[in-house]
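The structures considered in this document are given below.
Next come two complexes, and both contain chain A; in the first it sits with chain B, in the second with chain C.
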Partner chain A sequence: MFQYLIKRFFAAVIVILAMLFLVMLILDVIPGDPVALFLGESATEEMVQSVRVQIGLDKPLIIRYVQYVWRLLQGDMGRSLREMAPVSHLVWAAFPNTILLTAAGMALTLLLGIPLGLLSGARPGSIVDHISRLISLIGLCMPVFWIGLVLMFFFSLKLGWFPVGGTGSVAHLMLPAVTLASYSVASLSRMTRSSIMEVLGEDYIRTARAKGLSFSRVVLKHGFGNAMIPIITVIGMQVGHLMGGAILTETVFAWPGLGRLMVGAIMDRDYPLLQGTILVFAASYIFINLLVDLSYGFIDPRVSEQ
Partner chain B sequence: MTNSDQAPPTGKALNRQRVLRRFFRNPLSVMGLVVVLVLLFIAVFAPLVAPHDPAKQHLIEKRAKPFGKYLLGADQFGRDILSRLIFGARVSLTVSIFSVLIGLAGGVVVGTLSGYIGGVVDTVLMRLMDLLLSFPYLLLAIVMVAALGAGTFNTTLAIGIWALPTFARMVRASVLSIISREYITAAHAIGVSHLRIMLTHVIPNFISPIIVYATLFMANAIMLEAALSFLGLGVQPPTPSWGEMISSGRNFLMVAPHVATIPGLAIMLAVLGFNLMGDGLRDALDPKMKNV
Partner chain C sequence: MRMKIKAFVVITLAMTLILPGIVSAGPKAGGKLVIGRPSDAISLDSNTDTTATGAVVYSNIIEPLLRVDESGNIHPHLAERFEVVAPDRIRFFLRKGVKFHDGNDFNAQAVKATFDRAINQPARWKALFGPIAACDVVDDYTVEIATSVPYGPTLPSVAMCYCGIISPDAIKKYGDDYGRHPVGTGPFMFKEWVSKDHITLVRNDNYWGKKALLDEVEFKVIPEAGARMMALRTGDIDVVLQPPPSEIALFKNDSKFTVNETMGMRIIYAGFHNERFPTDDPKVRQALSMAVNVPAILENLMEGSAVAPKGYLAPAVFGFADMELQKRYPYNVEKAKALLAETGWKDSDGDGILDKNGKKLTIKFLGTKGRYPMDAEICEAVQAMWQEIGVDCSLEFFEWAATFSMLRAPELDYNTYVLGWVTTNRDADYSLYAMFHSGQFSPKGWNRNRFSDPKVDELLDKARSSQEREERKAMYGEVQDILAASASWVPIYNTKEILIMNAKVKDFVPDPLEYLLPLQPVWIDN
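Let's turn to the complex of A and B:
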């Protein structure tokens, strides 16, 4: 098991390194000189050249890549062009906010998505089923940023229950978390529904009912346990969706996280900062997915035997 | 995704009839189809359908409420929101259709080569696809647009590349199941060239399930285009795009909530239409996949 963990860990590190190279390669094709674009039209040729040397853009891609990785190992991600501060400071200041938002979104997804799916999957065709399917269908079709604005309009501007933006308290977190979770709740409840419906058709469920166990007990103990694997897969997929959605949600609610930092970096053409935010975003996604993969083994021992 | 490696349909004409009958029996799929057709009509005939010029500013009537002179009101420059939505449908559908086509065409090429040739080519191409898939949702498209610059064409390209790896993997799975069949061996035996086998025996046999997924991808592409444009990284003003309309309307959320909220309903309707139609096509083509 330990050996397996080590192997998976290094595989993830290699994916991250390859991804970093791909990102640097893509950013390398920026039409025009990113430094000249950043400095604007008033910059002289010498100014452009000195900044290019300062951030190492005068060297070929492969050298820059090796240097970047080497510095990264020492915790250095270069300096932001705009803020004139180390990228690592900016990123680590924003990252906890994004984690908090994503974790809150995930908590809501699990708390709402699974019960909603169980309720509708246990009694297919019932009124509860129809209502919950309708809710999830609509949830899948609404753009995240639009839900955010609608919630903000009603609950912040009209009712004044929650602050319009920013961070600092649980009240600040409520609307962004609900906004972010909306798509994932819908998606998870659909998967839970179909998964539980499939399991409830199995012979052992009939046996459990026949020996006199109550319906809710059968659904929760026998049904849910066996429906877990596809549900976990969808949860893993939702991590990526929540992180991408966080970029939009942070923009709507002025939430000072990694996504807002990234969008700002693109607007300002702040190349080192952009690279740093992408790296942290992508790397954390890969590691969370690794954790999800490993959790299969704990939930279903048959998986780890393979 | 697994249904793509099931047996290709036989007795084509008969089968198509059966699929169509199953599709039209489901009211939700028909509803989706109707929404999609209406949107396409509106997009194609936008200049004829739109009641006003979408770019014309009437500053006196800025942020006019709905149901006045303008059915859906006016935006912050006094432009008719309904007309902008109609022209926005054109932008949104063009970007989505072309990006899905890029993803589909690229995916068919990569997936077919990978599955048919196998070996090192397969390993390299599939590792590259895995790498593209390991970016969280939205991030890859953002990286692409950050590099290429915002704009309608670059947005289309970015969404297309985002869709490519998923198509490539589905195609590869189908190709692998098809090339082990006897009629492929038979074609080899009578000396048919590789290219000809790929074009006439392999690709036509998996294309219909892939097209169903393309329909479902349309919904994703519309959503992604709106998201990029909302962030200011996609379609640029003054070109009317639904995402950009929401983005510029959010500054007036308190005084004129209709400016930012109405375009969201258009996005929802379009996404719903393609989702319902795609679900319906999938269920009709392969009833075993129902509810998955």
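Let's turn to the complex of A and C:
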């Protein structure tokens, strides 16, 4: 187990290093001068040059990469070009907001997606199944920002239940969380449905029913337990999806999270900030994946024996 | 008798209806105003954030020595008066008894500290100010501002919001972090800033001038346009900055909202490369100008959110002259075609594209996308209009950062580009010198048209070094006349500064300059 963790840790470090290099390479080759853009129309060529030297953009890519990684190891993510503040401050100020939103989205996904999937998977072809599949279809097809605006139109403008945007209370969290979860609820319920349907066709289910267990008990204990692995995999993937979806949701609902920071950084060609936000996104994704892989061992003891 | 009673009843009724109106009229103090806008400030330090996102906030916190009104006239503000000592040196006599928000006295040392800090910092500010070299203290309430060369626009430059005077104590106390704790003398004081969410200001009750009426002002960030307009309707916010053009008419017809507009200072234009074939020929440029249907663009794309430009400068700029472009180059496809035919452009091979001496009339057009309202749509419309007169026009779009780099590059690889320009200090020099003086070819300045005319150079140099306002005005008038004949630009629209607000918000009038947002007279009628 320990050996496995060490192996996974080094693999994660290599992925992050490669990812950082890729990001810096892409930023290097795309057209557009970040310094000229930042200094604006009125800046002179000398000013642009002096700032470029000041932030080290005059050096070759590989040197900049090594320097960036070296500073990163010391906990220094650099200084944002645009915001005049250390990247670490900006990222850590925004990250909790994104975690809160993602967690709320995840909670909704689990609370709605699994029961919906179980209900329709246990009784395929029933009215519940049709309704749940229709909801899933809507969730999968509608773009996140559009769902956000529609929810806002009904629940904020027409009914006045929730604020249009911003942070500060549970009411502020509701609409963004529902918007964010819409896709994940749909995809999780579909996964749960097909997974449970497959399991319910197995011989041991028939055995369990034959020995007199109630249908609901069979579905929940024998069926769901065995259908867990693919469901957990989807959940792990959905966390990544939720964090990605947060970029749009945060923009629509004026939620001050990491996604909005990243969009702004792309627009302004704010290299240090962009690298910082991508680093945090990527690291969280890798971490979640690790947790998912480890959880397989708990759910299915056969996995950890291998 | 009956008539009398009737009249009495009518009058009484009318009085009961009118009287409360009269009583409630007039500004009321109190209340909180929430302003929604698309993006947050980068910093509230006037040295580092010279864009509107920061300036509209801090221009209510810090104040310059002078102010410029809508007609370009200069008025004393934190300075009581000024005296031109020499063409490169102006003396300012400061107002006494003014205090900063932190309780410190406003005096000559504070003015010097503000200017010294800006001069010694490689900031955007410096490029805006031109050749300012020093600020010298004469006595406690007198300073002199000197430029390295005689500089005509010193006064309007000192009046820019970036030259607002900062408390020297705050500079010492906060250092690099000053941008998040601005301290000035203005009608509002900084209260708090939650990044990407809101900035709050409170009224300065010890303000030296006419005090503000609002208790608090909050600048709230709502990036998505649809969400911003919805927040205005729900009452989450009271005012919207930069509303999308398509929404304006909708709100104008709704009595629950007020739309206030002012003619802005930004001109969006299509510029021509004057040294690159075929736009090196003034006749070709004139023909292209006549082929652009500006009124149609204004009506169909801008939907009333912008006005027809009167020239290369906005009317609120000092030195503005009406270039009468609609008279000189009226939209007329036939005339445009005739002008091209006159200079030898004919469709000799019948492919629908004009040619001359075996060369096609090809215009390479660098489009702009996502920078100014409707910019990409305008580029596409102009392309279609040029194609109509037999021009082979290839339009290319890049993301703004890439476009900007190309525009700054020494050599522009296009015949045409689209850009917006604000005369930030409200003085013609700021735009005309940077964009039409032959010593300002890119990348040094912004003359990416590579426009070159010895007479224009001479006039611009002379006007730049003079402090005689009338004389300068006449020289700029002459420059604009030469420019109009050259057809170096097709000005497409002059911006409008537009605020949409809840009808209870009163006396909130936008300034022509997008960097200012006068909050002091605003009040809420509850």
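For this structure, a couple of remarks:
Here, the second predicted complex is superposed on the first by the 305 of 306 C-alpha atoms of A that agree within 3 Å, B and C clash if a C-alpha of one lies under 4 Å from a C-alpha of the other, contacts with A are read in each partner's own complex, and residues count from 1 in each chain.
Note that in this section contacts are C-beta pairs under 8 Å (C-beta built on N, C-alpha and C of every residue); 3 or more make two chains touch, one makes a residue touch a chain.
None of the values given here were measured: they were computed from a predicted structure.
In the superposition on chain A, A:36 contacts chain C only, with no contact to chain B. Contacts of A:142 after superposition on the shared chain: chain B is touched, whereas chain C is not. In the superposition on chain A, contact is made by A:281 with chain B only, not with chain C. Contacts of A:157 after superposition: both chain B and chain C are touched. Once chain A of one complex is fitted onto chain A of the other, the partner contacts of A:251 extend to both chain B and chain C. By the touch criterion stated above, A:94 is placed in contact with chain C alone, chain B being left untouched.
Contact with chain C, but none with chain B, is seen for A:261 once the two complexes are overlaid on the shared chain. Taken together, the two complexes place residues 30-31, 145, 149, 152-153, 157, 251-252, 267 of chain A in contact with chain B and also with chain C.
Per the touch definition, chain B reaches chain A in the complex via residues 130-131, 134-139, 142-149, 219, 223, 226-227, 230-233, 243, 246, 250, 253-254, 257, 260-261, 263-264, 267-268, 271-272, 275, 291-292.
By the touch criterion given at the top, residues 30-34, 36-37, 39-45, 47-48, 50-51, 82-84, 90, 93-94, 145, 148-149, 152-153, 156-157, 160, 163-167, 251-254, 256, 260-261, 264, 267, 269 of chain A touch chain C in their complex. Contact residues on chain C toward chain A in their complex (touch as defined above): 39, 42-43, 45, 48, 50-51, 122, 124, 126-128, 176, 179, 194-198, 220-224, 226-227, 230-231, 233-234, 236, 398-402, 404-406, 408, 421, 424, 434, 443-446.
Chain contact summary for the complex, chain A toward chain B: residues 15, 18-19, 22-23, 26-31, 137-138, 140-146, 149-150, 152-153, 157, 193-194, 197, 239-241, 243-245, 247-248, 251-252, 262-263, 266-267, 274, 278, 281-282, 285-286, 289.
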